[in-house]
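Report on the structure given below.
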Amino acid sequence: MWRYIARRLLQTIPVVLGSTLLIYAMVFLQPGDPIVALFGEKPVSEATRAQLMAQYNLDQPFIVQWLLFLKGALVGDFGIAYSGQPVSELIARALPVTFQLAVMALIFEAVLGVVAGFYAGLRRGKIFDSTMLVVSLIVIAVPIFVLGFMMQLVFGIQLQWVPATVGSNTSFTNMILPALVLGLVSFAYVLRLTRTSVIENLTADHVRTARAHGVPDGMVNRRHVLRNSMIPVVTFLGADLGALMAGAVVTEGIFNINGIGNLAYQAILRGENPTVVSVVTVMVIIYVVTSLLVDLLYAVLDPRIRYA
Amino acid sequence: MTQPLLQIRDLHIAFTSGKKDVPAVRGVDLTVYPGQTVAIVGESGSGKSTTAHAVIDLLPGTGHVTAGSIEFDGVDLMKLGGRRRRSYRGDRIGLVPQDPMSNLNPLYRVGAQIKEVLEVNDVARGKAADRRVVELLEEAGLGDAEARAKQYPHEYSGGMRQRALIAAGLAARPQLLIADEPTSALDVTVQKQILDHLDGLTDELGVAVLLITHDLGLAAERADHLVVMYKGQVVESGPALQILRDPQHPYSQRLISSAPSLRSRRLAASERAEVREEATEAALEVAEDTIAEASEFGGEATGPVIRATDLTKVFKLPGKGFSKRDFTAVDSVSFALERGTTTAIVGESGSGKSTVARMVLDLLEPTSGTVEFDGVDVGSIRTRAQQLDFRRRVQPVFQNPYASLDPMYSIYRSIEEPLRLHGVGTGKERERKIRDLLDKVSLPGAVMSRYPNELSGGQRQRVAIARALALDPEVVVLDEAVSALDVLVQAQILKLLNDLQAELGLSYLFITHDLAVVRQIADQVLVMQKGRVVEQAGSLEVFDHPREEYTKRLLAAIPGRSVEPAS
Amino acid sequence: MPETTSLPGQTHFVAPSSETPLQATGMVDTSAPPEGQWKEAWKVLRRNWLFWVSAILLLFILVVVCFPGLFTGVDPRQSMLSKSLQGPQSGHPFGFDKQGYDVYSRVVYGARASVVVGLLTTVIVTVIGLFTGAVAGFFGRWVDALVSRIADIFFAIPLLLAAIVGLSALNNVWPDRGYWGGVLAVVFALAAFGWPQVTRIARGAVLEIRGLEFVDASRAIGASKWRNLFSHIIPNSLAPVIVTATVSLGVYIVAEATLSFLGIGLPPSIVSWGNDIAAAQSQVRSGDNLHVLFAPAGALAVTVLSFMLLGDAVRDALDPKARK
């Protein structure tokens, strides 16, 4: 087990290095004046110029710049943003908001997706199953920003059940609608995955054997079918936390939430490259850590998996 | 007069395909008395398992009973509603399923799964149930039952899982136990242990057993009453020994004459001697021709065609920490394969027999030791010409008829591939050759345009043999080539292999787990256990005077030995 | 032989042999035409009405993409400001947007950018993913480790963020790129980070096929590794890759729209569903003029839905478990 964790951690090192290098290169390795790339076409005095060159290590070769960035990132120092604030502070402010949003979305998609998928799988081909399949397809096919916008219009503006935008008040009730929107697509995937998995497990040999031993249908479905179907679903959910946080950029835009996605998006539009690189680095680390946790969770769920 | 425990009358079962009902079982009558063992014998697709599943109302997919009655203890189960019908499961009718690997839920401890059976059938609950689980596991022959109950199925071997399934099947003390091919996935020695144990247990508890099996020898040995099924119908039923000694229906007759374990030893030996005589003669001619044609290999026509010396294969497995652990799969195996003869390597799973085959085929590099082909060390082959020559002259036929042909290739393309690769002949010549090869393996030329998924297992294996023979090889390595086939098909393929050997002078390396088929095809036998050769002798010698304890155990485990029919 | 006394129901019974005539073991049924795996899949597909619905829709969409002029005579860039935000009327079934553009005409002309992005991205991603996955799965060892780690690097950066960063970088190095340049930029940005998903699926499929006996049989006749890879292993691992491709086509169309919605995908000068949906958002704030939003969003949804349904139908046809 420890050996497996050690090996997995070793494997993630080249991944983190490679991903940050890739992003770094896309952002900084561009023709033209680096100061322009950093701060746009504003006239800059020689003195400021020299100071900026030194501050962002622009006088160094590209690889050295990247290494220096990594060195800073290791201790949580992502440099200074355009506004003069440390990037780490910006991230520290935005990250919990997005995390809250993503976790709420995850709970919503997990609960509704699993329950609906389980009943759809048990009643394969019946009306509930068909309805759920159509609903899931529509949710996947209609872009999230259209759905989000419509829900904002209906529940926020017309019915006024919830505020239409969130702004700085990230209370639970304010975040319900954005979380629903954010989790909607994944809800459809969870539903379909659970359904497929349930249908597969219903015909498993050990399920038939349990029935032959006299275990009542309801108990067989809960204890054997559902429990065994959960393995791929939980794996998906675990990996989805990172994806939700990264995908929050659209939802945060619609509902005006000051989360990490919004931060990254604004930074890209304004050309605040240090912030962009830092946020993406944080997202990569979140992805890498969650996928490691998912692998370990897998071992907990499935006793067959023993990482040696 | 005792009442029948189970009485099936005129049972019809069909599967719905599209809008049509396809009958699978047609008019089966069957009676089981309390404490009796009744066996249903048949090949795959005969409807034997379907009949059994109908009794516990667990027909798969679209299967449904279309007519007939199933009376259990005087009650017609077909007339009962769903809930009352299901109440018969577990505590009145138990099941021991076929495949021990897939019939335990991998996510729960074994003890918990047996406890579940006790609880749902109101036998015991809580702590009492826990204690009972341990007793049941002990009763099923598992040592250290208390610790075993806390383990997961994947920590069990196949035999242990089957014992756990027996414990679960008998947990609620049913009056009837349906044993559906309970040991067909296990090694013969384990099979015997488990069946002996099951016999003892059901005798002691007075449980009636409905045994489903494809193995006539096994059925005759274990059952009082036999029911032979063929294509969904009962073709013959009656007292086991009577059917075995004096089968009346042509199908039962054919089944008995084909079962390798039931065939007369002397007859097999004399037939084999004839084949060998012709084959060695033919092989000598072939060898002389090859030498005259200046082959890539040296060698003389009289020496063995394959000689393995001290073959060893060590695999590196992950061990504790970061270290690797050595696993010796094959340990200094030596043998010689004489031209025109068959050497069989016999062993149970994990004996290393298939690893030997892969090394002989040069698909796996030995850790140490050598394989010589025609006097030349195969490991020293460097030139492409020499490699192709070796490949041409040594060909494999593998076990699984469903995986040994590329599903995307038509039969024609499959057999043509070796010819094309070795640049043999023009398109027209190749087509003639393929027709000729199909003819040799008794397949009509029309199969050329077919795809593997359209053929049965036996037919696919014939195609695989035709493909192996395409390059006119001298050695064919048959890795469990008949193991996955039904008895009748198996007998046919064995006969085909013998005929081909006599005609073409082929030398066979025959890998198998089934000692019973060995005497029909082999001249020399190597018995392997855990990577080592434990006994090596002529085929008759091994059967008549086994020296090693392990060989004796293997022989004793062949089902049906005790009931050898009058010949 | 001692005759055992039989109990009722257990007397020796022999069926008349005329009732179940013995068939020769191993007969070949040559009555039906030969069928390979693909033909059989086609047979399953042919019976699925969802396949026909989606196929006909997609065919129709393809015609719209190639020949938009067949469906409207109105120029999508012709502004009639006097009709700004007017509803449906004769000759203009979806009305006008704020700029006075004909919404129907824009929906028709907008199909091209969206569908081309989806198709091209999927083709590129599938080719790269199939090749890298097959090589990694087949050769194993360090090749696998190398390919898998590189794929991980691209996979670790969330697709949407990566595409946004990539596109903003492309904006700097390739500012004025015209219609096809604009489309290609989005394709590159999505494809650059989308291929690892296909790599993983192809690798898994190849690992499964690699161990099958026909691969060994092919080696045993002297076929080289590459020959084996291209003539046996890749063709047999195609099924799951094709299924992924059909489904992800829809996903990429949605991704393009999302990028355009964020203002960083296709330049506003290109008529596309994504751009129009983005523009519509500000025009329907309070719930009026919904036609401006629903027309492009509906067209996009129908297109994506068709690809998804096709993917589902293809999976059902190719899945070995679904067949006998």
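Chains: A, B and C, in written order; residue numbering restarts at 1 for each.
By definition in this document, contacts are C-beta pairs under 8 Å (C-beta built on N, C-alpha and C of every residue); 3 or more make two chains touch, one makes a residue touch a chain.
Quantities reported herein were computed from a predicted structural model and do not represent experimental measurements.
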{"item": "Centre-most chain [mean C-alpha coordinates]", "value": "C"}
{"item": "Selected interface, A-C versus A-B, where C-beta contact pairs are more numerous", "value": "A-C"}
{"item": "Chain B and chain C, separation of their C-alpha mean positions in angstrom", "value": "42"}
{"item": "Chain centre separation (chain A, chain B; CA means) in Å", "value": "50"}
{"item": "Distance between chain centroids, defined by C-alpha means - chain A, chain C (Å)", "value": "23"}
{"item": "Residue ranges of chain C touching chain A (in the complex, touch as defined)", "value": "149-150, 152-154, 156-162, 164-166, 168-169, 172-173, 250, 254, 257-258, 261-264, 274, 277-278, 281, 284, 286-287, 293, 297, 300-302, 304-305, 308-309, 321"}
{"item": "In the complex, chain A residues that touch chain C", "value": "11, 14-16, 18-19, 22-23, 26-27, 30-32, 37, 137-138, 140-146, 149, 153, 157-158, 200, 242-243, 246-247, 249-250, 253, 264-265, 268-269, 271, 276, 279-280, 283-284, 287-288"}
{"item": "Contacting residues of chain B [partner chain C, same complex]", "value": "1-2, 4, 7, 29-31, 33, 225, 230-231, 233-239, 241-243, 245-246, 248-251, 254, 358, 361, 363, 387-388, 391-392, 394-396, 398-400, 403-408, 410, 417-418, 421-422, 443-444, 446-447, 449-451, 453-456, 458-459, 462, 464, 467, 471, 488-489, 492"}
{"item": "Complex contact set, residues of chain A against chain B", "value": "3, 203-217, 219, 223-224, 227-228, 301-304, 308"}
{"item": "Touching residues on chain B, where the partner in the complex is chain A", "value": "56, 58, 60-61, 86-87, 89-91, 94-95, 97, 99, 102-107, 113, 116-117, 120-121, 152, 154, 165, 168-169, 171-172, 318, 321-322"}
